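Here's the structure we're looking at; comments come further down.
Per-chain numbering from 1; labels A, B, C, D and E assigned in written order.
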Amino acid sequence: MNLILVLIGGLMLTAAAVAMSLRNIIHSALLLIGSWLGVSFFYLWAGAEFVAFAQVLVYVGAVSMVVLFAVLLTRRDRQDVVVAPETRTRAISALLVGGSVAGLLVSAVLGTPLATGPAETPTLTVKDLGTLLAGPQAAGLLIAGVILTVALLGAVVLAATDSGKEDAS
Amino acid sequence: MTATLERLPLLVRDWITGFFPEPVRWLVSGLLAIVAILAVFGLYFAYLTLAERKFLGRFQNRPGPNRTGPFGLLQPFADAVKALTKEDIVPQAADKLLHFLAPCLVVAFGLISFAVIPFGRYLIPVDLDAAVLYFFAAGVSSELALFMAGWASHNKYSMISAMRALAQLISYELPLLLAVVPVIMLSGTLSTSKIVVAQGGWTFGIIPHWNVLTPWGFAGFFIFMIAAVAETNRSPFDLPEAESELIAGHLTEYSGFKYALFFMAEYFGMSALCGLGVTLFLGGWQAPIDILQVVPSYVWFMVKLSCVIFCLMWVRATLLRLRIDQLTRLAWKFLVPLGLINLGNAAFWHLSADWSGPLQIVRWAISAAVIVIPFVLIGRTLSSGLAPRTYRYAT
Amino acid sequence: MLGSGIIKGLAVTAKNFVGSFHDPERLPTVEYPEKRLTLPEAYRSFPFLVFDGENAIDGLRCVACKMCENECPPQCIYIIPERDEKGRPVKKPKVFDIDLSVCMGCQICVEVCPFDSIKMDQVFEVAATNRFEGLIAHREMLAKSNTYYHQIRPTEAAEVDTRLAEEKRLAEEKAKAAAAAKAAAAAKAAAAPKPVATTAPASATAPAAAPASPAKPAVAAPSPSPSSSSSAAAPMAAAPKPPATTP
Amino acid sequence: MQSIEQIRDLIVARFPGAEVTVIQNPGPAAQHSLLLGHAQARDIALFLRDEPSLKLDFCSNATGVDWPEKEIVETTKVKVAQPDGTEKLVEQKTKRLQPGYLEAVYHLYSMALKHGPVVIRLRTGNRTDAVSLPSLTPVWRSCEFQEREIFDLFGIVFEGHPDLRRILMWDEFKDHPMRKDYVEPDDYEWEPTPHDAVLTKAKGHYPAPGSTANAEGGM
Amino acid sequence: MQNEPTSSAPGLAGTPANSSFDILHSPLGSPQQGASVREVNDPFHGDLLEVSMGPHHPSTHGVFRMVATLDGEIIVKLKPVFGYLHRNHEKLGENTTYLASMPYTDRLDYLAGMTNNWAYALAVEKLSGQVATERAEYVRVIVGEMMRIVNHCCLVGFLFNDLGTSFTPLLYAFREREKFLDLFEELTGTRMMYNYQRFGGCRVDPTPEWLAKAKALIDGFPRFLDEYEQFLTGNEIMLARTQGVGRLSPELAINAGITGPVLRATGVGYDIRKVDGYGVYPRFDFRVPIGDHGDTYDRYMMRILEMRESVKILQQAFRDLPAGPIIDPKAKNRGLRPKAGEAYGRIEGPKGEIGFYLISDGSTNPYRYRVRPPSFINLTVLEDMCLGHSVADAVVILGSIDIVLGEVDR
């Protein structure tokens, strides 16, 4: 059974790695979307259909569009492609941050008891999920909603004021 | 007799899987389901193109294609041969990989969404618990493929139209979902087969319990169909490949069979969306009248699907095209508010389910009023300055 | 109410859809090769030369007067008159070419032809394999019999024939009158030696030269009175010729 | 609608020094015209447009006309003393070379008072170098395209025209096709239309491709 | 959405005074009149996109090119380019006789051949002093008004095609147009290239059967118009796409020499049939519809109302058609040598004022043969109407002006 797990894990990792190394941004964005699909396959393998389809709907549908639009609309100026001279100092700080994050993750993974085989997850129907979300988890749901709307409104205001400011000059 | 007819597809499947050893049997039945869908809907797509051209012709007082074969019946195969033999030109500047991948993905995602639509009482390829969510997950990713087509051809026109297509699809994703949520709320499940079962039963034997016959259901179906037309880039909303402005939109750089693939994907997407519409609102494979249950259920599904698609063709033959800003304004300022109000309306309908006797009429009246009044008000504000004018004559 | 205009529009297209199955008015298509529209009599496509009697070339009415060649707007007619052995032009075209790729079928040539020798045909399926040689219609291709003319335009052909017959009758009367006058003059010459005979033949030949001078009344005008019978005195060109309006 | 003479008097009254002459139109249509000098042409046009009694606010038609040099032969009867002393009337032909010029004719109508046409003409110095005229586009915008067409086909340069470019011919085209002395370029595509004049001209360019039956028959 | 644009009366500098409108704040879809071209390449707006629509473009009614400079979807500059169909019709006119030019006039505005013939015949009659017979004048009004109905049918069909319907309104309009063309074929011999008018009358006298058929067709025509109006005039999408689009102010229209339905849509009631009263028009009572806003919807309604007025004129003309010769027996057509002089004759064609300016020097060929083409001059204001609109609107505005390239390029 864990053959499929390895397969899905491998798919996701290779997609992410290749995405990082490509020069063509659109190709790397699409590979990133491929790795998100890998995550949804993982959920399917784990038997959580609802989360898998939600993952596809949210990430592959909406977030990928945002990423692609962002890639399209930013204008590539010439100067920031050239590698600036003080890269050495950047390299050190990059290593430092990378190392600490890796350490944190590894300790978290090792800390949790990992059940080897697929545990018999309770067959949750969508109705139970709904009652769970509306009942005990309602607070978390509402907070997430509020944060998202704030982010949305902030983006709109930022875009609008930007044009206003440009007008004044 | 009707029972055997009803179970006929199952009998055939069991007979075929009988030839194979036990462990491989589930694989064979899965493959058989895929082959069945491809065969039925492949042929349905072929004759849909012919039906569209003939009906469009009849709307325009002309006979439509009748030269290839009797009454033009071989026209789809002639089109297929033509598409196959046409040279497949890939522009030199294009992004070869994406240019090739885009049509395949568009058709693939179009086909995947057939997996959850219940064609008959026993005919459902995959009975998923979160079927409707699966359907929209497949639908959304076809937008991604459309963007890849527009971007890969590296051509100014197809880039503009790819952006337009995305704006249109995203802005109509919301009304589509808002129209579907009341159905899920009322039938309490995301699984399409259970939704169709929930619409079973007839009052006095002749009025079926379809969702469309309730005020919130009718409004939901109205919003769903407008959003479905926009989602499949058909007539009043066929902006991406509006020939009067941007030649053929994101399809400009495609030719030969790749162009036919896009064409096929559009029809598959339309059939799938209309199939979902029939399942959610028109009672899927339920027979309209009790005594008519003698006819097998999958026939009813096909009849209803064909009627809905005929209405799409009827709309295509009549209506003008909207401009991109009017299109998005219609989505955000008209369909989304109506969808939200309809959600509230469905909630009221659900809560007032146990009203009895005369209260039923009050329940109907309130529910209808809750949806009609905002429709008229928003309609009037949107089309404030627009009205046919009266003209004077020179002295 | 938003949408009422759209619903009315849908109603109209539905009416047309249903109508197209039973109401011929809603399905005017004529499927060309199998069923054909009956061409109205006045229909015109390209010109053709009319000949009387059996022999196509000798029976041609055309006298190679080149009037149509000069008047043709796109200059697509080309005539070379026949010459007998002594080099004098004979009243027959040796070469009569019309370049069908240039001709626009405007029937100006029919209008200006004083001898009703060129009329408009009703054949429109003119296809050729070679743009140059194939579309130049020579005399043999253009010549068609008067009976064919009667087939395609019965009323008009009948008028032309009555008018030609009437002119021929007038010409013979004049010839008889001229002959009688000559006989009387000859008798007088026998009595008086005055050389009157020399002028008579001149006048006698004149009417023969213009057997069907342009005395053509406006076609279908209620009173087709030949405005000027072939008065010998008026030279043909200057005759106040009403425009021959045979379409 | 005043007659052309009254309009001329109005103009002369308004612009004392203006050169305005009436050109008679001998034809039965009797649409006489006013010849304006270059100097006040635009002011007179503005006056015609804004004068309350005229209000010619609609310039319907702007046309270019080409008048090349013409040799006018006048036969005058003059008495010539014969050697034997008697007077004898003799027709004497005097050849006079009338200098050529290019002309722009404008037909003006009034949409407000619903009358017209008043025809005004502007003439250039000659046909070679002094070919410029004051443009009337600033007064009537309808002349914008028509003056560009006159420039394209006749070669009259309109000063003050907002965008004087060729409108019908392609920009690199050198000559002005509507002039009387225009010779069409010689890139003649061979087409054996039956007329001998056409054939000879075609033969000049290309040897007839192969022997066509028609060519012999035609000769 | 209906904010009144500042009327751009032409300043002395010749180009229309650009109103104070600034492109930045024009919410997409509420079109303004006249836009200022602002400087380019600022970070937020990106650079202007120059798109050349045509000459081979599905919706430019023939070989006509619009070089449009776009900022996103809004048009900032639009230069029409034509001349692709130029065959120097006027030089041809100078090298052929007066009668031989008549068939060429059919090719000017090939959707309205009869009115071109009539304008040319009128101009030559003015030049040579000939007068048409009574019956001919009535027949000219009959075929002229039938031609106007055919032309407006074509226009309305093409306009809806530009608006994006899949050919349905066009085919309904063409179904009616076919009936008129069949009648013209019975009368003159061809469907579009009539060569029918002569100096002093018409070439063929319509037979009583033809007149009966024409009368039946005209009586049935209003029913088609009612069905068409029910189909489209109230359609909300049509209202949204055309009302307020391509607005034209009356002052600019008069000054730019715009004539025909485009002018009357701006509110100026100038119809040459009423102003000049040529032919026998003063004997008919008909009205001239005028609009108030001068936008695409008004131009569309002008055509529909004009078709209804033409039906009224035709019914009166059929009623009082006198007997008598169809052509003046003394009229001179072949070898016509009018006295030296000039004449400008004009009529109210379906697209506007079509006129012929002829100068004759006594020979058989005219010395100068000039055509006053309404479509060519109506294009002057195409840029003024399109500024501030989107690409989709520019196509619709061009369609509502009703140009035919045979007449624009000559």
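To be clear about the criterion, a residue touches a chain if its C-beta (ideal position, glycine included) is under 8 Å from a C-beta of that chain, and two chains touch if they have at least 3 such contacts.
What you see is a predicted model, and the numbers here were worked out from it, not measured in a lab.
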Each chain counted as touching chain B and chain C at once: E
Chain B to chain E, fewest steps along touching chains: 1
From chain D, the most remote chain by mean C-alpha position: A
Chain centre separation (chain D, chain E; CA means) in Å: 27
Whole-Å separation of chain centres (CA-atom averages), chain C against chain E: 36
Distance from the mean Cα position of chain D to that of chain A, given in whole angstrom: 77
Whole-Å separation of chain centres (CA-atom averages), chain A against chain B: 31
In chain E, residues with contacts to at least two other chains: 168, 172, 175, 231, 233-239
Of all residues in chain B, the ones touching two or more other chains: 59-62, 317-319, 383
Residues of chain A whose C-beta touches two or more other chains: none
Residues of chain B that touch chain C when the two form their complex: 55, 58-63, 66, 314-315, 317-319, 375-376, 379-380, 382-383
Complex contact set, residues of chain B against chain A: 95, 97-98, 128-130, 133-134, 136-138, 140-141, 143-144, 147-148, 151, 163, 166, 170, 173, 188-191
Of chain E, residues touching chain C in the complex: 96-97, 99-104, 168, 172, 175, 178, 182, 185-190, 193, 195, 198, 203-205, 227, 230-239, 323, 325-327, 329-334
Of chain C, residues touching chain B in the complex: 1-3, 6, 9-10, 12-14, 16-17, 19-21, 26-29, 31
Sites on chain D touched by chain E in the complex: 25-29, 31, 57-61, 63, 65-66, 105, 107, 111, 114, 117, 119, 137-138, 140-146, 149, 153, 160-162, 166-170, 177-178, 182
